[in-house]
């Protein structure tokens, strides 16, 4: 009969498999950045590089303009996150704490907007942006990203706001505060974890988004990391080492976010899920 | 009544002077043209040539570097043209775009600037690709075509010469592979690009046209994929090439993957574009440097070598406001001296036939002799305005035919022909 | 929540909505309506002289007759069914494992988030490289240095679809796992204690207590994964471009090619509308299964 020890053994083995399954493929791919071109396509493949070569990394930075893509990603993701959290907070507050008619319908509609397939809205969004002459501009990417990230942000924030005690407004009202002041000075400071979580999820989404970035930014000086990497390949060449190097740069910030904020990310992702 | 002329007050004098200065400034701004191209391998050479042009003519060329892949470049350029962007004067046009761009009225006809006697020095296939309904719409700049790369050391070892027909290639490949198996188990006979993308169309066309096949009946404006010579070629690829002398992996290869196989020393023959020559002979990139030679694409006994034409041409946007200046630039860049400079100092392959015969060029690039032979025999892809859609239908047909060993080629071809005819009907509906 | 809500406040409250409404209206709702609208026209970008003609539902008819479109639908449904089931199973395994307390649990949780945090484009390149028939790691793991047996995974229609599913499972199982984890954490320990006292072993406890109580979370994970699976695009774009022989030509890729590659805006819009309707129907179906529970909980919060 499997006692505590047997139980721990099975658990340990399972955990090891899960971690290996999750991390190994990426670790192997990341090592490509340190291999020379011939080693990358050698048959059969070797996992560790025989001679460490830094030419892929330097090529990615100097020849392919990796830093430019990094700058664009930071700008777009950063601005979108800031605006998304602001607009989302504003909208989530009445939904969570004020007696609005048709609350449920509105929330479901907002959530539905987050589920639209990219293909269904990409074409028209492109036409709208072209009419505004906002293709290949930062706002041209930030605005669609807002539309894509606001639903989940509002969902998370309305949950957090909703859980705060109801008497908060009463006390403030007696002191003569306006709705806006109540929001900024009382509610938001108390819901910082929720705001933080929504911010992280929004940032990750914008950082990784590919479809819209590919369509809207056709000029390389505006492209974000995912699009930049996707277009590394030359007319007939596939620079695997450089792609791997760029992938590491793209993923490192997110891995750091995941390592330091895994609790928040998890609680944010499960917001709205079944809760006790 | 006599209209009195205004007296030239000092204020008026000043405004006139400002106006003159503005006019002068504007005319120098007017001597600037915008040019979209891909990232060059030797930017120093380009910089020098462009500043030479500016010195000689006073016209400054503003270069916008677009993406490397043809599809992405197409997206960038067509977006500007769709918007009737006046800031685009000249751009690099891929060999499969002219029909689409002409149909959309995006590029200017060059028949006034570029008469037939000037066209004669360029490869006929490239000129044909730029000629839509009898008028010329582009000037070829760089030529490319499918080539057969082979391991000279292996062929010499077994006393073979480069194969002229596909049967010869299969025979030589099988012989060499069986003898080399013991110390090179990963060696395959043949490698090419058969993934479901544009490269598949290029590879397959070489087989079809090399058997005197015909994709398109120009007279009746009908698709003829079901032509028996075509199907024979497709059957040959399915039964004798894929999975036999070439591994099934070629169904997943684009150019990079197939070249990697060759430069790792794992293929006897490789079908690829001329760019592969530099990489295959570069000791830092290739393990077979110095052991490579090139030949024209093989054909079937009934036919002749039919390398698929690639390459880039200069095109002039209809919306440009500086067409004369733009033409000056195009003429300069395609002049014999500039073409020769590019041939000597970069890896670009010129579009003028005379440059290939120049002794100085040949001594630096002896393989240009074989390149010229291949390019003279090159065949462009069918010029259909909705080319991406036409290509999709072809890709679908070829893949369905060669992936499934017992596919009915006649049925698949009939369906592809039907779809293409429907496409042609759609295009002719709007014809005046 | 009894909040004093007077006249001016009411207006301000509605005003707070305004930015959200404007953004969602312009960049979500209007585009969807516009797609519906465009799908009723014949628009070919490469032939501007044809103009834009109203054709009613003709585009939808063409889709239903087009074997490539029907193939896309079939491929997408197969992909959705198998990958979501696999993801939920793997996710369930992950959730059960990381629900236990052990040293380094935080790092393990971070580790399983790595595939999810990776941009899909990077993950797609990774797996495209991994499945290469010559230098890919999958062949090495399966066959070692035995080159003769290396398989061209992406060249065979059957294994190509499996490869894409595997890549998707790798990338998103942790997401499903986290949703299930939330559900796991709500199961009170007393239930397990009582069962242990009654003599039930670990397996029986899992089967008769954990699984039934996890039903809502599992269904929620299924909803999210299904809706995402219908929209798969990056993996196909990078790994196979829809091949071999359209074996991995999923709906969003098919629609992308029609809209942006071939310029057939009318038909492409019809495809996108069909994807939208499919995703909507599936969500409504699932929500009916789970919805009442979800919304009841929402009410106590609202």
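Read from first to last, the chains carry the letters A, B and C; within each, the first residue is number 1.
Operating definition for what follows: contacts are C-beta pairs under 8 Å (C-beta built on N, C-alpha and C of every residue); 3 or more make two chains touch, one makes a residue touch a chain.
Everything numeric in this text was worked out from a predicted model, so none of it was measured.
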Looking at C-alpha means, what's the farthest chain from chain C? B
Applying the contact rule given earlier, which two chains have the most C-beta pairs between them? A-C
In whole angstrom, what separates the CA-based centres of chain B and chain C? 39
List the centre-to-centre spacing of chain A and chain C in whole Å, with centres computed as mean CA coordinates. 16
Mark out which residues of chain A touch at least two other chains, giving numbers and ranges. 41-43
Residues of chain C that touch two or more other chains sit at 134-135, 147, 260
Touching at least 2 other chains, the residues of chain B are 75, 186, 257, 260, 264, 266
Seen from chain A, its contact residues with chain B in the complex are 37-38, 41-43, 130, 135, 218-220, 231, 233-238
Chain C residues within the chain B interface of the complex: 44-51, 67-68, 132-135, 147-148, 152, 154-157, 240-246, 257, 260-264
Partner chain A, residues of chain B touching it in the complex: 38, 64-70, 72, 75-76, 79, 83, 186, 254-257, 259-260, 263-264, 266, 272-273, 275-276, 279, 284-287
List the residues on chain C that touch chain A in their complex, please. 1-5, 9, 12-14, 16-17, 19-21, 23-24, 26-32, 34-35, 38, 93-94, 97-98, 100, 102, 106-115, 117-122, 125-127, 129-130, 134-137, 139-140, 144-145, 147, 170, 174-175, 178-179, 181-183, 185-186, 201-202, 216-217, 220, 227, 230-231, 233-234, 238, 252, 255-256, 259-260, 265, 268-269, 271-273, 275-276, 279-280, 283, 293-295, 297-298, 301-302
Under the stated contact criterion, what part of chain A meets chain C in this complex? 1-2, 7, 11, 14-15, 18-19, 21-23, 25-26, 28-29, 32, 40-45, 47, 87-88, 90-91, 93-94, 96-100, 103-104, 107, 110, 112-113, 115-125, 127-128, 143-144, 146-148, 150-151, 154, 159, 162-163, 166, 169-170, 173, 178-180, 183, 204, 207-208, 210-211, 215, 225-227, 229-230, 240, 243, 247, 250-251, 254-255, 257-259, 262-263, 265-266, 269-270, 272-276
